[in-house]
Amino acid sequence: MEKTRVRKVEKKVKNDRLEVRTDLAMEERESFPGDGGEIPGVILTEKERNGGIRLTEVEILDERGAGRMRKPVGAYLTLEAPGLADGQSEQQEAAKELAGLIRKLLARHQIGEKERPRILVVGLGNPDATPDALGPMVMERLPMTRHLVLTCGAEYDEEGEYPMISGISPGVMAKTGMETAEIIRGIVKETRPDAVLAVDALAARSVRRLGVTIQLSDTGIHPGSGVGNHRNSLTEESLGIPVLALGAPTVVGAAAIVYDTVDALEEVLKASSSLKGYGDTIGAMGPEEQYELIREILEPRLGPMYVTPHDIDARVEILSGVISRAIQEALFSWGKPEVLK
Amino acid sequence: MEKTRVRKVEKKVKNDRLEVRTDLAMEERESFPGDGGEIPGVILTEKERNGGIRLTEVEILDERGAGRMRKPVGAYLTLEAPGLADGQSEQQEAAKELAGLIRKLLARHQIGEKERPRILVVGLGNPDATPDALGPMVMERLPMTRHLVLTCGAEYDEEGEYPMISGISPGVMAKTGMETAEIIRGIVKETRPDAVLAVDALAARSVRRLGVTIQLSDTGIHPGSGVGNHRNSLTEESLGIPVLALGAPTVVGAAAIVYDTVDALEEVLKASSSLKGYGDTIGAMGPEEQYELIREILEPRLGPMYVTPHDIDARVEILSGVISRAIQEALFSWGKPEVLK
Amino acid sequence: MEKTRVRKVEKKVKNDRLEVRTDLAMEERESFPGDGGEIPGVILTEKERNGGIRLTEVEILDERGAGRMRKPVGAYLTLEAPGLADGQSEQQEAAKELAGLIRKLLARHQIGEKERPRILVVGLGNPDATPDALGPMVMERLPMTRHLVLTCGAEYDEEGEYPMISGISPGVMAKTGMETAEIIRGIVKETRPDAVLAVDALAARSVRRLGVTIQLSDTGIHPGSGVGNHRNSLTEESLGIPVLALGAPTVVGAAAIVYDTVDALEEVLKASSSLKGYGDTIGAMGPEEQYELIREILEPRLGPMYVTPHDIDARVEILSGVISRAIQEALFSWGKPEVLK
Amino acid sequence: MEKTRVRKVEKKVKNDRLEVRTDLAMEERESFPGDGGEIPGVILTEKERNGGIRLTEVEILDERGAGRMRKPVGAYLTLEAPGLADGQSEQQEAAKELAGLIRKLLARHQIGEKERPRILVVGLGNPDATPDALGPMVMERLPMTRHLVLTCGAEYDEEGEYPMISGISPGVMAKTGMETAEIIRGIVKETRPDAVLAVDALAARSVRRLGVTIQLSDTGIHPGSGVGNHRNSLTEESLGIPVLALGAPTVVGAAAIVYDTVDALEEVLKASSSLKGYGDTIGAMGPEEQYELIREILEPRLGPMYVTPHDIDARVEILSGVISRAIQEALFSWGKPEVLK
C-alpha cells in the first residue's frame, strides 16, 4: 500500500476514535492483542452462572481506560446466555440474572435507596425495522405504573412500595423531525424521574453475539451508537440524572463481517503452501489497518449496511421478553430487601 | 319519575356542564331547540362546496356563547363529505378543502405569516384500538421536515420555503404512565414550534357523522374529550402557543344511541293509538332529562362504552389519508401566495 | 302498535330464526322466561371452580332443542372468569380450565385417541379492527409444530408424542376477495388435519360478558356469527372433519344495548307512580317484540353497529394470551395420560 | 490451496447448480465473463425509458440457456429505477412501466384475452421481518375485487369489465406449520383463478440493486429463492396455472458482500507495488472458486446471514407502493384496449 494511503487511513482511525465499531465493551476488551493481559484503567470480571449464563463486567475507571477502550468511563455489565432461544426456563433464568444486574447498577447510583425508584424507560429505535425494534418492543410489554401511583395512590399500591415506571418510544428522527435527545430532555424536565433507562438495539463486532447477549451500562447513549443513528447524547451530563443503557446486539456492521472473513481467509491461505504469498502480504498489515482498508473500500459503495440473521424477528421477540421481565423484576423488588440478597 | 330522582338528575346535568357529550361544535349547535334561531355569542356560517362537501363554521365569540355551547371560545370549522368512502377523487377534493381550512386557521393566528411555519403535529390516541388510532395513523403518513431543514439546509430546501414539521404519537397514559400534556409540554419547550396541531379521534352525537366529518378548531384539546381520555389540556394557555385540534368522529357514546332510539321509539308509539300512554309520559320529560336518565341507567352497568361501525378500520384509514394529505398541502403552500388565493 | 306492524315484526322474527343475536349459548339459554325451568332437548350443567371461575355446559341434544335455542345441535362449553383482568395467576387458572374443556371436546370426537392430534387452528377475524382481532392475535402467540414434526422428526420430538399444530389467519373477505370457507376448505384438503379449531371474536347479548367469557363448541362456525361477517360455514358437514369453535365476546350489538336500557327504563318508570302509563304500554309487548321493534328502528339508520368497551385492546390481549396458552396446554398433554385425569 | 480443497469446492459448486445466488436473472447474466458476448439459449434486450428507468428482458429459451443461467426457462423482465426514492412522480412513472410489463406477461399467457382476468395475488414472506415483508405489504395496499364481482355483480361493476382480484399473505412456515405451496395449492383448487401473481422479497448479488430494482418473471417461485426459505415450488407445473413472480431485492447474502470486497481489495493490492504478492495468489483462483471458498468459511460460523441497508423500512414501503399501484393499473386496464397500446 502506498504511504499516502496508509497515512490517510491512520488519520481516519484517529479521528474516528469515538466512533464505536462495537457497542459491546466486552468485545472491545477482547480485541486487545493477548487478551489475558491487563489494560491500565480497565477492570474485567467474569462469572459463570446457572444455565450456562456468563456475566462479564468491564469497568472503565479513568480517562486512560476510556481512551484505550474507546468508551466512556463507567460500568458495562454483560450477560451472555447461549441457550436463550431454547425455551422458557432459559429465558426466565436470564431475566432473573439481568434483573440482578439492573438492581446492582441502580444501587450504585443510589436510586431507590430511600424512596421508591422513579424510572423513565425509553424504547429507542425504529419499530418498523425489525433489527432496530428492540426498544419499542420492550416498551410494549412493560407495564407502566407512574400514573397509577399518582392518581390511585394507596388503592393501587397498598404498601406504598411500587416503583414509578413511565416510558415512551419516541420514534426515530426520520419519523419525528426531532432529535431523540430533544424529546427525552423535554420529558425528563416535566416528569422528573430519578433515572432514565434507555433500551436499544446494538451493533456487535461478531455474529456470535447476536440474539444471546445483553449489555447494561451506566454511561448513557452516545451519538452514532446503536443500529440506527439516534442522534445526540442521552447522558447524565445532558439530562442531569443517571442514564442506564440496556441493549442487545441485533446486527453486525458489514465491514466487520468482511474483516472476519478476510481474517479467516488469511489463515486458510497461510496453511496452503501454494498461496503462501497472501499470508505474507496482507498479514503484514495490522488488524486496525486491515479493517480500515476494508471499511474504506466498502462504505462508499454501500452506505451503512448491516448484517442480520434471517430469523431476527424471533430473536428480537425473545430478547424483548427477557428484558421487559428483568426490568419489572428489578424495579418491583424495591422495598423487599430479601429479594436483593 | 319521583321528584328526588329528577332533582338528582338536574343537579348532575349542571355539574356535568363541561362534560362534553359531542366533540363536534356543529352537533352541539344543532341540539338547540328551533335551530334556525340565533344563539347569542355564537355565529354560524354554512357553505356548500364541490362534490357535495359542506363546510360549517361555528364561531363562539364570548363566554355567553361558550356557556350555551359548552365549548371554549374560538373557531370550529367542520367539513362534511358524505362521499368520502366512494373513491380517490372525493378524498382528494376533501383534502383540498380541509387544507384551505387549516391555512385559514393558521393565518388567523399569524402562523407562517413572515417566516415559514414551524408546526409540531401530535397524533393523540391509542394505536392499538382501531377507533382511537386516527392520530397515530395520520402521523405515520405525514412526512417530517424539521430535521431536514435544520441539518441539510439549502441542500434539502433550495428556496428556503419548506415548512418545519415535527411530530410525535406519544401514546396513551396507560402505556406511558404520563399525561400526554406532560410529554407535549416538555417537547414544546425543547423544540419551540410556532403551534401544535393535535390530531385525535372524536366522539360524535349521531352515527351519521362517523367517517364523513372532520372538525378543525383553534381551542386546543380538553380533558375528557375524544375517544380515550387524553388527560389534561393541550391549550394555548398551558403550552404558550396556539393549539389547533383536528379530529374526526369515529365513535358515538352508547348513551347517545339509546337516547336516539328511545326518541324514535316515542315517535312510533305516539303514532300508535293503542300505546298512546307512552308518548304522553316519557314525552313529558325534556330531552336533557331523558338523556341523563338513560346515562344514569346505562353507565353503572357498562362503564364507558362506545358504539362503532364494523368497518371502522377502513373508515379510519380513509380519514387518516385525507387528513395527512390536507396537512401537507396546507403547510407546503407556504411561500406560494398563489395557492392561498 | 298497529296490527300490520306487529305482523311484520313477527314474520321477521320467524325468518330470522337462524340469525344469531348472541353467539353465546349460555345467554340464549338465560333468555328463556323462568330460566330455572327445563327446555326440552337441552341439558344445562353448571360448575364452580377455583378462582371464581364458572363453567357452564349447554348441550343441545336434538332438533327440538336446536329450534328453541336457535343454535345447531352440539356441545357449548362456557368459561366465565370475572377476575381475568386482575393478574397473571387468574389468567393461568383460566387457561388451565379452558385446556380441560378443549381436551374434553377433542376426546368426545376421538381426536388424539390413538395417534397424536393433528389440528389446524384458524384465526378468524380482522387483525386491523381491534374488537375483531382476537383470532389473529391468538395465532400470533401459538407455536406451530406440524412442519417440525414432518421435517425434523425425532430430532425435534424425541418421544414421538408432540401434537401436529398448523394454523393460519386467512383475513376477512374484504381483504382477500375470498370466502374464509373457500380458503380453509382448500387448506384442509391439502394438509388433512384431524380437526379444525376456529378462534373468533364473538358478539354477546350483555356487556357483562365482554372480556371475561370464553365459549368452546363443536358445532363449527356459521354465517353471520361473530363480529365481522365471516361468510359461509366452517362445519363438519362442509369440511369433512370436526370443527371446534373457540371464541370470546368482544362486542355487543347496538340493538341489544338499547333493548337492555329500555328494559331498565321500564323498571324505573313502573316504580315511578307519575309515569305509570309507560310501564303498562311498552311492558305489554313481549321482549321479542320489543327487541325487534328496536332493531327495526335502529338498523336502517345505523347499519350494523357494535358496542365495545374503550379498553378493548387490553381485554383482547388478555383473552388471546389465555386462549393460546390453553390450546398449547391441551394439545401438548397428548401422550401424557396423567395430565388428562 | 491444496488440491483436495479445490476439488471439494468444485464438487460443491456443481451440486449447488440450482441454489440461486441471486434471484435476479439480469445479475446472473452480468456475471458471465466478457458480458458483451452472447449466451446460447438466452436473449437479452435492454431499453431506456423516461425518468432514467431501464428495462431489461432476459429470455431463457431452452434447457441450454437454463443450465448456463441456473434459472428455469421463461421470461425475466427487470425494471431499474435509480430515482425511486426521490419522489412521487418517479414512483408513478415506475408503476406505469411496471404495469406495462405485467400486461405484457399476462398477454403472453393469454390471461384476460377473452374474459376478465381472475388473478390470485400471493404476498409471500414474513410481515414481522422488515426486509422480508414486501409481499404482505403489497397485499395490504391492493384492493380485492373478486368478492364484489361475485356478490354485487353489475351494481359494483356496471360495464362488466373489472378484474377479479383475490389475494392472501399466507405467512411463513415457522408461523403456519405448513408449506406455503400447500396453502396456495388448496386455495387455487377451491377458487380457480386464471393465474397466480406471487409477490416476494428477493436476494440480489449487489447492494446497488437494493430498493431500485423490480423483477417480473413467468417461471414461478422455486425452493430456496427469496429472503426467507419459502419451501416448495409455486409453478405452473405444481399449480396447473401460470405463476407470475414479482419481486424486488431487499437483501444481499453476506457471502456476496465479502466476495465483492475481497475483489476490490485485490484491485487495491495489485496497484500497490509493495503488496503485489496478494494479487498474484488470490487472483489466481477463478471467481467461482473464490466465492465458494468465502461461503465455506462464512456459513458454518454465521448460519444464513443477510446484508440490508439501515433504511430498509422506507425502501420496502416505497417498493410496495409502486408494485401495488402497478398491479392495479395492469389489471384494471382490461377491457380498455386503448390502455394496452
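As written, the chains take the letters A, B, C and D, and residue 1 is the first residue of each chain.
Note that contacts are C-beta pairs under 8 Å (C-beta built on N, C-alpha and C of every residue); 3 or more make two chains touch, one makes a residue touch a chain.
Owing to the predicted nature of the structure, the values given are computational and were not obtained by experimental measurement.
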Practice task
Compute the shortest path length in steps from chain B to chain D over the network of touching chains.
Solution key: 2
Exercise for the section: If you tally contacting C-beta pairs, which comes out ahead, B-C or C-D? Let me know. Expected result: B-C
Practice task
Just give me the whole-number Å value for how far the CA centre of chain C lies from that of chain D.
Solution key: 43
Exercise for the section: Give, as an integer number of Å, the spacing between the C-alpha centres of chain C and chain B. Expected result: 36
Practice task
Could you tell me which residues belong to chain B and also touch two or more other chains?
Solution key: 174
Fill in the blank from the handout: The residues of chain B that touch chain A in their complex are 139-140, 144-148, 164-171, 173-179, 182-183, 185-191
Problem - Touch list for chain C against partner chain B, complex - result: 1-2, 5, 126, 128-132, 174, 207-208, 227-229, 254, 257-258, 260-262, 264-265, 268-269, 272-278, 280-282, 284, 293-294, 297-298, 301-314
